[in-house]
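A, B and C are the chain letters, set down in written order, and residue numbers restart from 1 in every chain.
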């Protein structure tokens, strides 16, 4: 469908082309919407990115604020309805407080949830001033305790008594953005290299394809580890962030280059491209005005499907301790705390970042599959 | 007259699909096959001729049903079996498949497995049905390949289908079908995918083999020329109905059903330039099976359609010795004659 | 067939050369050279630094000379089985890694085996009984198998084993068998330990294999040769196993080409989590301590394993598919 709509518009004037492209996107959206699972996944993905964007507002506490008193405090959960001793009902969100108990076997102090203690939660709680997404000054959080001194660990605390929920929310920002940045960079290399290879063909094409095949035949994690290990230890958080992105896209570009090249190769012989060439259009014009619009949708789908791989790779690298480093919070660095089996046994909630990884990857895959099916004129 | 080997009686086949109502692809078909004779089943694509043929070996897809009718298979000197009542993967049916009734298909390339040698595929047929060892089976295979006119049979047995030409592949396919000397051979458009010269050779071969083996043959085709060449009897199908059937000479000389008449008129005839007349194609197109009228399927395109045609199914009427047709024109004429 | 193997082997040799260049580049990446680190580590432990030893080493590795000379010296050594010296362990690299590499090969080989053993029946079932309950279950399981990172799966498995059975999973051998010779009890001990990491490693590959096998088989089941086989009188299960499954396998074998790199990748990280004595944890350790000759050798050998494995699967593919064997298509 993409090709046919473009082949008519390719020959037509620029105005007609504009409308042709819009209808193509509209068509894709309509086909995509029939895919219920993909549509639901789209909303999940959007929700995750909203969390990433509004991390400071949504996270109830500072992700690096620690408290030695609440080491490995178990998750409080969030409750909405409670019954008083006299049988009356109380509505409104609250969390339970903690009490300490002496473990009779290990003779150790442990934290347990105190069902008696109720700490009311208030929405739009005032907080210390901060910059939302580093730009908008704000001094209110989505929710918080009425008394900010009380402990708030909805998903539990880590070794240093830091709030897992807040760290997870901030980690979402890093992990998702690194996926996006990595794919953007891969896309940049992929389109340029794959585009040249596909459009001009010849020795450059075969050289590029050999390189792509070569990179794809290598086991990625050892390679990534080797590259990541070479990063100077004294680099700043931002520098490591970009270095990791670059390392991920060093391998990530190959898949996208393959897709771009494939599309270019098949489009090169299409009638509307030949027509444009016979009209005397320049290479640049043919590529940007005639070819690129007709495969944007494919590229978007391929890029979407590449994001989960990036997220997984970052998580794996950081998990092994060679990716992002300590002050930066990402799903991978969070999972690093869960490496020790004994720690895990006392604080299984440290695995929650892993659940986030699984959910976003599933959602991204379904979403990408739906996009690809919708973009493919010949599928179904 | 010899006893018939296969009698299809009142056979209907319907297909179900999840979205739409069931489609009756074949309705109330009666066919009779006798040893040594060839019955040609003719019709346009989608008329149900292939479905009918496949039903004989129960090779239909899972969504096909046989709501009523019988397929009585009766080799000489034994009791008849109703194939329509057998389970598709049952022992009884598997003993018939390949052994008693064999089939050859239209596409010799895709109908043979591309990753097994010709010899292996033919050996298999022998090994399934007879107590022989591999060596004996291969000897039979080579003999068969030789018999169907494949040069260098011994070497060709080790060839893969993609190494043979289309004609040779079809010959190999025929050799496979004949491996267990079946009583009945079903040929589902065996010549359609071949070029004209090869077509003629394959038809010659089939005719000769039939004479040698004395088997019955059900020949599916859409080509009236091929029918004239090979068939003893012919059954014309239109949209699931057998509209006319009988001796090939009778049907070709005096077609009784308007559809058969129209078909005959649409064949180009060799004539001197001055005598040439315009070809007379059948008007309109075949309706989709779900739009088929309750009565005669040909109603929408029939030049003689009248009162009862659309709503009432014409009965199978005898119009000559062993010559039947389903048309209201015929019954009306008989009624008038009686009156 | 022979020309096919020769062609593939040439490609493989070229790939290996490229791999070795990449591995050497990684060795060279960290700032400073091997010798500076070596001297630093010797000084740190308070050992005397012998200037003659230093001079010898400088010659041996061609330090201070251009990249290609250093590479050439290194690769000559590698071809002769000399992978350089680990300054952390103060032993030749090869001595350190061959045992661990063997374990890697064993675990990964088993994972490949398990992958096929699970994927084949499930994939065939899902295709033959399309849209049945089993098919849906297989599809869902497949999606989850693809989405759960294998190190996370390993963590969950270890956690559950700890909570439910009180056992700490990990390692490939019990302590008493660690250094023992191979024997039946040791083999048994190996299997009681190895099943978990093998299962973890095989999950995503299995999911992918099932997905591809199902799609291929659905295509093949519609082909006319299946009807031909049925018309012969073969029982249904034989029809399916002998013809369409056989053809559906062909494109699958080629997927090993990228399944294997993913598997080797995964085994590195799973080994770290599950504390397996394979090349993975040693690679990680050597990288964190910048023991670069050791790290480079492991990266090189893991890649070589992958490339050789791919070559084997390519040849296997050709061997089962006559169309490739005879150079048509």
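Going forward, a residue touches a chain if its C-beta (ideal position, glycine included) is under 8 Å from a C-beta of that chain, and two chains touch if they have at least 3 such contacts.
These numbers were taken from a predicted model, which means no experiment stands behind them.
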| item | value |
| --- | --- |
| Pairwise touch network: line, ring, star, complete, or other | line |
| Chain ID, smallest distance between chain and overall C-alpha centroids | C |
| Most distant chain from subunit C, judged by the mean position of its C-alpha atoms | B |
| Averaged-CA centre spacing for the pair subunit C and subunit B, given as whole angstrom | 55 |
| Geometric centre distance via CA averages, subunit C-subunit A, whole Å | 27 |
| Centre-to-centre distance between subunit B and subunit A (centres being mean Cα positions), rounded to whole Å | 60 |
| Junction residues of subunit C, two or more chains touched | none |
| Subunit C-touching residues of subunit A, taken from the complex the two chains share | 214, 216-223, 225-230, 232, 308, 312, 315-316, 319-322, 335, 338-339, 341, 344-345, 348, 351, 354, 357-358, 361-362, 365-366 |
| Residue ranges of subunit B touching subunit C (in the complex, touch as defined) | 54, 57, 59, 88-89, 94-99, 102-103, 105-107, 110-117, 124-125, 128-129, 160, 162-163, 173, 176 |
| Of subunit C, residues touching subunit A in the complex | 15, 18-19, 22-23, 26, 29-31, 143-144, 146-149, 151-152, 155-156, 158-159, 162-163, 168-170, 257-258, 260-266, 268-269, 272-273, 283-284, 287-288, 290, 295-296, 298-299, 302-303, 306-307, 310 |
| List of subunit C residues in touch with subunit B within their complex | 223-225, 227-236, 243, 246-247, 250, 320-323, 326, 328-329 |
